[in-house]
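Listed after this line are the structures, all set down as C-alpha cells.
Paired with chain B in one complex and with chain C in the other, chain A is shared by the two complexes that follow.
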Partner chain A sequence: MSHHSKANTLSVLLSLIFTFMILTILILLIGKDPVEVYSLIYNDVFTSGYGIGQTLFKATPLIFIACGLAICFHASLFNIGAEGQLNAGSFVIALTAVQIESLPLILKLLICACAGFAAAGLVGLIPAVTKVKKGVSEVISTIMMNFVVLAVINYRMVDFFAVKSTLRTVSIGDDSLLGKASDLFPFFEGSSLNVSFIAALVVAALVYILIYKTTFGYKLRAVGFNETASRYIGVKVNKMILTSFFVGAGITALVGINYIFGYKGYYELGFSNNIGFTAIAVSLLAKNNPVGIIFSSILFAALDYGGLAVNQLIPKEVMLVVQGLIILSILSSDSIVQSYFKKRGLI
Partner chain B sequence: MSKVEFKNISKRFGSFLANDDISFGISGNTVHCIVGENGAGKSTLMNILFGLMKPDSGEIIIADKPVVFSSPHEAITAKIGMVHQHFMLIDDFTVLENVILGDEPVKGLSLDLKAAKEKVDALIFQYKLDINSSEKVTDLSISMQQKVEILKLLYRDSEILIFDEPTAVLSPVEVSSFFKMITSFKESGKTVIVITHKLNEVREIADKVSVLRKGRLVYEADNVSGNIDINELSKAIIGGAELIKIRPKSNSNSMKKPLLRLVDVSLVRGKRKMLDGLSLELFNGEILGIAGVEGNGQSELADIVCGIEREFTGTVELPDERASIVPDDRLKKGMIKEFSIGENLVLKKDGNSLHRMSTLRKASEEVIAEYEVRAPGPDIKTGSLSGGNQQKVVIAREIASGRSVMIFSHPTRGVDINAEMFIHSEIVKERNKGKAILLISSDMEELLSLSDRLSVIYKGKIERTFDSNELYAESQMPEQQDHRKEMLINEIGKLMTGVSN
Partner chain C sequence: MEILSGILSFTFLAQIFRMMTPYYLGASGANFSERAGVINISIEGFMNMAAFSFAVFSIFTGNSILALVLCLIVNIILSIVFSLFTVTLKINQIVTGVGFNLLIAGITKFLMVLFFSSSSNTPRISVHPDMAFSITLFAIALILISIHLLYKTKFGLRLRSAGENPWAAESLGVKVMKYKYAGVIISGLLSALGGIWLVSSQNNYSDGMIAGRGYIALAAMIIGKWKPLNIFFACLMFAAFEALEITLQISGADIPTQLIQMLPYLITILVLIGFIGKTKPPAADGIPY
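Up next, the complex of A and B:
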C-alpha cells in the first residue's frame, strides 16, 4: 500500500472512531444505554437477512449517485445538483417505460437507462455551459437547477402524467419489475434488494477504471488538481468540464432503474428524499474513489436503516447527526494525517 | 565560532539519500553560498534548517546550542527566516498585511495597524527597499514581491536569512540591487545563506561557498574579494562529468517557410494594454529569441501562441491547433505535481485509452534515462523532484508532443549548468529537426548563444529584430567578437528599456 492510501485509510478510520465516540456520548445524554442501542443496531442491521437486504437496497442509489458525483468532484467541479439531475432522469425513465411497454425487459431497461441518462445529463450540462461560457460558479447554478427541475416535474405531473389524486406516474406494469434477491436467496426474504445492486457494483467498477486508468480520467484529475497547468499542457479544459458534468449527472439517473424497475414500478414525487445531498457526503467520505464509495454507501445505508431500527429508543435523526459528524471529522482528521505524513517526508 | 553548524545531517526519501552525512559550519555575519547540481540536496538541507523537514540523523547547532525544530514557526522564533523559490504571499492583501500576517501587533482586542506600519516603513527606509507598504501584492512585480518576502523576515528580526535561488526570477538590474541589499544585511550583523546556480554571483557576494553533490558536501572554499577559482568550483559541482559544448549555429539556407505569423496583434488585460499591434514571423528551423524586461508582453505573447488566450485582436496563423509550450512557471503552469512523470505524459494523448501502471512506469523510466532526470524511482510524483529535474520533465513532455512550433519561456530558470547545457542542446536539436522555436528569456547569454534572430519587445511591441548577420559575424577575431557582443548587448539593453527613442 502506498503512503498515500495509507494516509487516506488512517484518516477515515480516525474519523469513524471519533464519530463513534461522539455518538456514544449523545446516546448517554439522551439517557439511554449505548450497549443496548448498539446491540439493537447490530442485531437488526447485520444479523437478519431482511436487515442486510434493506441496507444493500438503500446503498444501491447512493452508489450510483456518488459515483456520478465523484466524476465531477475529481475535476474539482462541485456538483450540488444531483437531486435535480436524478429526478429528471428517473422521471424520464418512468415515462419512457410506459411508452415501450411491449418490448422485452432487457431492451426496455437499456432504452430507459439511456433516456434517463440523457435527461439527467442534459440537466447537468446547463450549469456546465454557464460555467464554461460565463464563468458562473457551478455551486450556485447546480443548486438552483434543483429547484427548477423539481418545479418543472411538479407542473408536468399535475397537469399530464399523474394518476388521479396521487403524485405518481402510471405503473410500468408488474411484468416489467426486476428480479428480487429473495427470489434466488430466500435469506433476504421481504427486503427490496434487487438486481440493480449488482448493476451499481458494475457501474462503480467502470467509473473506477474511467477515473484512474483512462486518458479521460487522467485529464479529468489534472483539471481538478491544476486547471491552469492543464490548459498549458493542452488539455481541453472546457470540453472536460462539459463531459464530466454530462456523464456524472447522467449516471445519477440510474437510481431510477433501482426505484422504478426494482421497487415501485412508477415515479413518485419526492421519492428521492434528498438522497442527492447525502451522496455528496458518501463520495467525500470515500475520497471520491468508486471502490470506497461502495463501502461508504453501505455504511450510510446501514446508519439510515439502523436509525429506523432504534427509533423506539432514540430519535432516528441522531443518525443524521452521525452522518454530519463523519464528514466534519473526516475533513479535520484528513489535514492532521496529511501534515503528519508530510512532515516525515512520506508523501 | 559558527553561527550555524550542520553536524552529520542525513535525510532519506524512501531509499533515496538526499542528504548524506553533511557537516559544515556557517560563520556569523557572512554571506554563505550553497551551490550544486539540480537534485544535489540544497533545498532539502535548507528545509531541514528551517524546520520544514526533520533530518533522519544528525543535528543542527545554532550559536553553540543544539536545536530541534519541528516546524518553521519554531525556526522563526529562533530568528531564522527563509525566502522560498516560490513565494508564499496572499495576492489580495497589501504589502503591510502580508508582512504582519501571523505576527500581528495588537492593542487591546484590535489590530494595531498603525504601529505595524511604522515598524515596516522604518525597515523599508533602513534597507532602502523602495516599496510602498500599502500597495496590494497583485500589483507588484516579481522583484517587488521578493522584497515583501524579505520584509517578512526583517519584521520578525531574523538574524539568519536563507534564500533559495533568489536571483532566478530577477533581471540583471534587479540582481545588482538585490546584492546591495544582501550586503547591507551582512553589514547590519545578519548571516545570509544563498542557494544559487550562478557562479559569477558566488564570486560577487559570497564569503564562503559549500558545494553539494549527490547529497554530500564535496568542496568548500573561501572567497576573499572575488578571488575564488570558478573553474575549481564548477569542476566540484559536476564531478568528473564533461560539460556539453554548445553546437555551432545551423546555416542550412534551405527553403524557409513561416510557420507562425502574427499580424497586428493587440491584447488588453484589465485596463492595461499588454500587446500593442505586435507582428512577427517565425520560420521553420530557426530560433527566434525574444528579449525584454519582464512584463512587456512576453507572457501574453506566449499565451496567445499556445492557444490559451483568445481575447486578442489581429491575426495569428499557426500550422497546428496550438503551439506547445515550456512555460515560465513550471509548478503553476508546467505540470500536474500530483502525477508521476508517466502520468504527466498521458495528458498529451488524444482520444481515450486504457493506461496500465507498468506502461506508465516504463514511460517514466524512458524520460529519466534519456533526459538524465535525477529521481529516486519511476513512480515519484513530479512535485517531489528538484526544480531542475522538474524542468527536464516538462521539456521532455513538450518535445515528445511533436508540435511544429514550440515556445520556450525562461527554459533554464533555476537549472544547474549541466542541465542548462543539456536543455540548450535539446532546443537546438529541435531547431535542427526543422521546428520553429520562440525563445523567451531574460538571460542575455542564453539569448545570444541560441537565437538565430533576436527581437526586442517593449511595451507590447517588437521594437527591433536583429537578423543573424547582425548577431554573428563569422570571420572576426575573438577580441573583435567580444567587443561586438558588448556593443550588441548595450544596444539591446537600450531598446529593452525604451531609452533609444
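Up next, the complex of A and C:
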C-alpha cells in the first residue's frame, strides 16, 4: 500500500470513528441506550431482505449523482449544481417517456436516458461556458442555476404538465415500469430495489475506467491537479472543462430512470430532496473514486434507512446530523492526516 | 390597474424596506468574510441556525433580548468552527460551506422533532414587538457602519489586505489569520441577525423558512461588487421582486410568480457574465493562506 492510500484509509477510518463516537454521545444525551439503537439499525438494515433491498434502492441515485460529480471534482471543478441538473434531466425523462409510450421498453429507456442526459448536460454546460468564456466561478453560477432550473420546472410543471391539484406529471403507464428485484429474488420482497441498481454499478465501473484508465481521464486529472502545467503539456483545458461538466451533469439525470421507471412512474416536484448536495458528501468520502462511491453511497443509504428503523427511539433526522458530521470530519481528518504524513516526508 | 396602485402605495415601499433586511444583513456578512478572503457559502446555514436557536431560546427563556444574546453566542461559536476549518486547517472553503449547510439543516430538523415533536414548525413565539423593526433600522444603519469600518479604520484596511494580498500584509506585520477569523465571525453575527429578523417577523420558526435567502444574499454581494452601498441597492432590488411576487399572488393576476422568483439568480448570472458591468472579487478571495 502506498503512503498515499495509507493516508486516505487512515483519514476515512478516523472520520467514521469520530462520527460514531459523536452519535453514541448524542444517543446517551437523549437518554437512550446506544446498544439498543445500534442493534435495531443492524437488525432492520442488514438482516432482512426488505432492509437490504431498500438500502440498495436508496443508494442507487447517490451512486449515479456522485459518479457524475466525481468527474467534475477530478478536474477541480466545484459543481454544486447537481440538484438543478438532475431535476432538469428527470423532468425531461418523465415528459419524453409519455410521448413515446408505444415503443418497446428497452428502446424507450434508451431514448429517455439520452434525452435526460442531454437536458442535464446542457444545464451543466451553462456554468462551464461562462467559466471558459468569462472566467466566472462555477461555484456561484451552479448555485444560481439550481434556483433558475427549479423555478423554470416549477413554472412549466404547474401551468402545463401537472396532473390537476398535484405536483406531478402524468404517469408513464404501469407496463413501462422496470422489473423489481423481488420478481427474481423473493428475498427482497416488498422493497423498491430495481434494475437501475445494476445500471448504477455499470455506470460506476465505466466512470472508473474513464477517470483512471483512459487518456481523457489522465488529462482530466492533470487539469485538476495543475491547470497551468497541463496547458503547457498541450491539454486543451477549456475543452476538458466543457466535456467534464457536460458528461458529469448528464450522468446525474440517470436518477430519473431509478425514480420514474423504477419506482413512481412519474416526475414529482421536490422528489430529489437535496440529494444533489448529499451526493457531494458521498463523493468526497470516497475520494471521488467511483468504486469507493458505491460503498459510501451504501453507507449513506443505510444511514437514511436506519433512521427509519430507530425513529421510535430517536428522531430519524439524527441521520441527517450524522451525514453532516461525516462530511466535516472527513474534511478535517484529511487535512490533519495529510499534514502529518507530509511533515514526516512520507508523501 | 389595481395591481399598479398596489405597487405604487406607501405600504408597498415599506414592505420592500422590511424585506430587504435579511438580504442586506446576510450580504454584508458575506462581504466582510470575502473581504478577508474567506468565501462563505454557508450564510444560508448560519441564518438557519440563528433562526432556529433564537426561536428555541425565546421559547425556553421567555425573554427575546436574552434569546438574541444567546443566539449570537451560538453563531459566534459556529463561525469560529467554520474559521477553524477554512482558515486554520486550510480546508477548501466551498466544500466546508456545503458541509456546514448540510450539518446545520440536519441539526435543526433533528432538534425540531426532539424539542417540539414536529418536523415543520415551532409553536408561536411572542417576540419583543420592536425586535423586527429595530433590526431593519440596524440594517439600514449598517450601510454607513460597513463603509466606515471597511474604508475608514485601521481594522478595515487590514481586513481588506488579508483578502487582497495576505502575503504582503503578513510581511508588514498584519496578523492575517486574526483578520480572517474576524471577517468570518462578523459574517456569522450579521447573518444571525437576518435569521432573527425572519423569526421575529413571522413569530415562529418553520423548517425551510430561510428559503434560499442566504444564497440571494451572496448574489446581492456579487451584484453589488463587494461594495456596501451597491450591495444595499442590489438587496433593495431583490426585496422589490419579493414584494412584487407577494402582491401578484394576492391579486391573483395571470403573471407566473415562479419566474419572478427566478429573477435574482438569473440576474446574478447575467452580471457575472459581464452584461451589467465588470465584477472583481478580492484578489485572494477563496485562497487559503
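Basically, the second predicted complex is superposed on the first by the 344 of 347 C-alpha atoms of A that agree within 3 Å, B and C clash if a C-alpha of one lies under 4 Å from a C-alpha of the other, contacts with A are read in each partner's own complex, and residues count from 1 in each chain.
Here, a contact is a pair of C-beta atoms (placed from the backbone, for glycine too) under 8 Å apart; a residue touches a chain by one contact, two chains touch by 3 or more.
What you see is a predicted model, and the numbers here were worked out from it, not measured in a lab.
Taken together through their common chain A, the two structures put chain B and chain C in a clash.
Look at A:232: by the touch rule set out above, it reaches chain B but stays clear of chain C. Between chain B and chain C, it is C that contacts the larger number of residues in chain A.
Once the two complexes are overlaid on the shared chain, A:281 sits against chain C while remaining clear of chain B.
In the superposition on chain A, A:190 makes contact with neither chain B nor chain C. Looking at the shared chain after the overlay, A:213 reaches chain B, while chain C stays out of its contact range. Shared-chain residue A:222: touches chain B; no touch with chain C. Common to the chain B and chain C interfaces on chain A is no residue. Chain C contributes residues 39, 41, 85, 89-92, 94-96, 98-107, 109-110, 112-114, 119, 212, 215, 218-219, 222, 256, 258-259, 261-262, 264-266, 268-269, 272-274, 286 to its touches with chain A in the complex. On chain A, the positions that touch chain B within their shared complex are 209, 213-216, 218-219, 221-222, 225-226, 228-235, 343-345.
For chain A in complex with chain C, the touching residues are 30, 78, 80, 126, 130, 133-134, 136-137, 139-141, 143-145, 147-148, 151-152, 154-155, 158-159, 274, 277-278, 280-281, 284, 314-325, 327-328, 331-332, 334-336.
Across the complex, chain B meets chain A through its residues 11-13, 53-54, 70, 306, 308, 322, 324-325, 327, 332-339, 343-344, 346-349, 351-356, 397, 401.
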